[in-house]
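Chain naming follows the written order as A, B, C and D, and within any one chain the residues start at number 1.
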Amino acid sequence: MLIVLEKGTAEAQIQAVINAVEKRGYEARPIPGGDRVSIGVLHNKGSVDAGHFLGLEGVKEVIPVTKPYKLVSREFQQENTLVKVGNAVFGDGSLPVIAGPCAVESEEQLLSIAGSVKEAGASLLRGGAFKPRTSPYSFQGMGEEGLKLLSRAREETGLPVVTEVLDVENFDLVEAYADVIQIGTRNMQNFSLLRRAGKSHRPVILKRGMSALLQEWLMAAEYIMEEGNCNVILCERGVRTFVRHSRNTLDLSVVPAVKKESHLPVIVDPSHASGVRDQVIPLAHASAALGADGVMIEVHNKPEEAVSDGAQSLYPGQFADVMRKMNAIHTIVGNS
Amino acid sequence: MLIVLEKGTAEAQIQAVINAVEKRGYEARPIPGGDRVSIGVLHNKGSVDAGHFLGLEGVKEVIPVTKPYKLVSREFQQENTLVKVGNAVFGDGSLPVIAGPCAVESEEQLLSIAGSVKEAGASLLRGGAFKPRTSPYSFQGMGEEGLKLLSRAREETGLPVVTEVLDVENFDLVEAYADVIQIGTRNMQNFSLLRRAGKSHRPVILKRGMSALLQEWLMAAEYIMEEGNCNVILCERGVRTFVRHSRNTLDLSVVPAVKKESHLPVIVDPSHASGVRDQVIPLAHASAALGADGVMIEVHNKPEEAVSDGAQSLYPGQFADVMRKMNAIHTIVGNS
Amino acid sequence: MLIVLEKGTAEAQIQAVINAVEKRGYEARPIPGGDRVSIGVLHNKGSVDAGHFLGLEGVKEVIPVTKPYKLVSREFQQENTLVKVGNAVFGDGSLPVIAGPCAVESEEQLLSIAGSVKEAGASLLRGGAFKPRTSPYSFQGMGEEGLKLLSRAREETGLPVVTEVLDVENFDLVEAYADVIQIGTRNMQNFSLLRRAGKSHRPVILKRGMSALLQEWLMAAEYIMEEGNCNVILCERGVRTFVRHSRNTLDLSVVPAVKKESHLPVIVDPSHASGVRDQVIPLAHASAALGADGVMIEVHNKPEEAVSDGAQSLYPGQFADVMRKMNAIHTIVGNS
Amino acid sequence: MLIVLEKGTAEAQIQAVINAVEKRGYEARPIPGGDRVSIGVLHNKGSVDAGHFLGLEGVKEVIPVTKPYKLVSREFQQENTLVKVGNAVFGDGSLPVIAGPCAVESEEQLLSIAGSVKEAGASLLRGGAFKPRTSPYSFQGMGEEGLKLLSRAREETGLPVVTEVLDVENFDLVEAYADVIQIGTRNMQNFSLLRRAGKSHRPVILKRGMSALLQEWLMAAEYIMEEGNCNVILCERGVRTFVRHSRNTLDLSVVPAVKKESHLPVIVDPSHASGVRDQVIPLAHASAALGADGVMIEVHNKPEEAVSDGAQSLYPGQFADVMRKMNAIHTIVGNS
């Protein structure tokens, strides 16, 4: 349930409404809007009687929220959430691009790539220090050493860094180095990790699970927001289907569908979706044309030597060309 | 197996190679290329001994074809197939657009829509006279009456018309009226229908089956080409997945994948893929950005009154806007 | 809408109700039940006013049918449809088994297999004379010659024969030889073929489409029943999923789901579902345990020499063992 | 790589082979077999030269392991792994059944159900104390209080208890109470959790991920085994497909496929697969017929009042009937 207050309701009245909500055993969550405040009612079981609140001073209307998710819902908050990182803003109609290698491999590798993507116009640098790998015998990432190299690359280029956290145990560590924390596909429903991310002061990129329904994905974001962190960026990265000519199937329809249901920004990762360079390039252009709130692309200075996902990483020159075209396309369509 | 001849090989020598192939019990299929002719060897069981043909006059080389499909394969023909209809060319790097209603409903409806899409820049008019419907109790199309209205719209606007054929029984009838014949998703592996289409002198749009692998789709095209009709246009229209926020999931990766495997043009139908107008528009832009060889879009003058698929049909004004943006995007990316 | 008549309503009164329905422009379809008759109202657009019929003599009640399908629905007919072929009955709680080779290859092959499966207790012989093949270069079946061999095998063994029809063109031919006509997966929504099957006096096995929803499958059966043929047997044969360790994924849940929605018998084909002998055997046992109305299994006397689907065909000895176990399991669980 | 030793090789020779392996920088993992020992070579990058070990005393042969997984593979260990819990054995050809409520709700509920399932012949009691829930607003389980009730139920009935662990943080706690630790579908690739489970002295039930390939599932088990815990039981519980008549699609083919690839026991959970009682019963029978190494079923004394998954929970009387039939079926087919 959402209690919408009159414009200019005084702080004391707002507090009185909150108290009324809490007295009934629910949680009250103030939601600042453009020119008025609303109060979300959480943790109710079943429906709440609107009559309890309609008569209170300052209450304009009481709206039942019909979605299973609340905080992430457009019913709760009509304006787009804007997530600001460095000079980039996700959700304001611009097209910030996150680029970098799949995994941090060495100082030379990372600085070389960071320089290239910065020059091509990327807004953030990505790179994995802790890698989720199907096999226990595969390279698991450089760990803290990798995080330090990301810091170093940030100093050199000024680009904020995005890196993945795999578990609660390493969260503090990753949080200390990263500007944006990524929660990967396999962890989309790792609820302890989501709750920990909800307590972080860092923005979170929440990748869609391999076979997650839209509602499940938004619910996972709800776990983060429910703990107090509103800076959530959703990232579509392809879903598992019967298809065999690409690693996953990029579900572009989900971008307008998310925007309809939620105020959170949503970006697209064409690299993990397709798994092959020849497909990443056209899918990156398509993502820009779609009106996504950003794009995340893997770039490597020597893809053929990459320890992971080399086949899907663009060469720096290819990336620069993709950037030019994505920007030109974005000028035409804007964000949907 | 593909027998590549020297440039400028004389007709008599070409015939001699063909005879040699046929004498061994295979079928010989001449494949004209840019500046030389090749001879495809069909209907062999197991591998064919290259030695039989290597010594013949005019034979430059003999290439084993490793794909299960042959005539559709880039191994057989490197240059793009160009399918010309009216002023439109599919496969030459341009972006022809096919637009119109799901079903032909009346003269007024069809002429109104035809006029709108022509003005907005569409190259072909689509409209169903025979409709494949899940339920026997749903509207099944106007039949021949609908075909006549399509003819009438062609006269009025000059736009060639695309319409679906459902079965061999009505093929002659549809062929008599249509400029391009569409074989729908549910018929992708209706082999009798494919063979009949292969004997047609009309270009064929072959929609991808609901859960067809790339190879199965190309094989279906092979059935058509094997009967002698080389004017096949492939059309991606979304595949069935677990996803519920759209009717199907548009598989854009398949476009670059088709282009790598085959010389046939491939277009995208975002209307059937998503099933909702809000998604069709961004997906249309994405299709243009992808480098597809064309786009097919449903447009209706009064979508809210359409007898079928109203929710996915664009209003004429929306379509005109989409056309402008698709053309601008196409200028940036070209065809991949 | 379903008009339920009183027990023992006289023929004249039944006819009067039918006339009343037809006078309103609908089609009336009498549905014989255990001890009373009902009249189905077809071809209405929108809902029908029950008041028109409630006052008629002999009318006990009028039930709105909420399902999109009608004739196939349990709402229309509560008792199981029994399809009788030779000594076998599908739908009466027994477990008839259809067995035989994928394709008819030769007299020797067919008679050898027919003898084996008869001895092991199969009730019907299967064998394809017209084969739907992904590639135009694969063996397409023996055609009429194969049908003649099936006839011959029937004479020898007394087993009724099941064989697939691929198109309307060959329907008369297949109908002349077959006891049961099979419509394959790729043709589940070949509506012309379904309508032709609806005019046949032969029972029809309707295989589920590769990615058909339950409702789409029942709607396809509705096409057949709507033309007047009520002897439809549904056959689950695996659906397409992301899974790679089997050719398709057998959807056993669909069997109880069909039985809840429809009165039609439903059988299971574990051979096409899995594609590997090692999986066919346990899945056959599972199908019997599930309470299916029958099982269809591929058997070959020399699987390693089969022209198609050899890997999934059981050896005669394996089949005999599977039959023994399926019958013993069926004794325990009965049909659900 | 697997180094197979002669029968009766002395301990000192075994140790010498291990030393030789370790000297080359690899890890040696002794694998006890029926009458001989083998040594697995782990953590090699690329292939290992067999010549290094072939000449050593006691070495019979050196087998390259071609699978990406090793410890879980039948190539590494031919005999079935037997996991013993209380009186139950998973993997020896018997059919132990795990039954109980989705979530522990109260002492009365748990003891009532535990008594019923014990009487019906279940070997282990299941019940969730920490529940993975899509929504943060749903009941999250009783936590430690629930674990204590499980302990109490074990004392009362003698049944060992199975319960899920959601994260590394609560692992010690769950381990202190549970006899078998369950890792759920959403955590199948929570690699930190898998590694922690690998250090546990408790057997682990590893549920298959919602859209996990067979290889990914076995790799997840490899993470556990690689840390030293060999008591892993795999559990199929349905995968996500396009299907809508059941919550998930139970993939029974995976059972014979697992048994071919791996020596680990594999059980089936028909309750989560289908989500509806009417389907759970026939799928339970089918699971027994399939030759699975066990079955896990949800049972509730008052399903209509259950806080979660009531619709899929069997009534105690239904469960007793299912047990009788599963046991009778198992007598017929044994384990595959």
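Side notes on the structure shown:
The rule is short, and it goes like this: a contact is a pair of C-beta atoms (placed from the backbone, for glycine too) under 8 Å apart; a residue touches a chain by one contact, two chains touch by 3 or more.
The structure displayed is predicted, hence computed values, not measured ones.
Interface residue usage between chain A and chain B, two copies of one sequence, is largely shared: over half of the residue numbers at the contact are used by both copies.
The distance from the centre of chain A to the centre of chain D, each centre being the mean of the chain's C-alpha atoms, comes to 34 Å. Centre-to-centre separation of chain A and chain C, using mean CA positions: 49 Å.
In terms of their C-alpha centroids, the spacing between chain A and chain B amounts to 38 Å.
In chain D, the residues that reach two or more other chains under the touch definition are 211, 240-242. Taken as a contact graph, the chains are fully connected, with every chain touching every other chain.
Of all residues in chain A, those touching chain C in their complex are 240-242.
Those residues of chain D lying in contact with chain C across their complex are 211, 213-214, 239, 241-246, 249-257, 260, 273-274, 278-279, 281-283, 285-291, 325, 328-329, 332-333, 336. Chain B makes touch with chain C in their complex at residues 42-43, 68-70, 132-137, 166-169, 186-187, 189-193, 209-211, 215-216, 219, 222-223, 226, 240.
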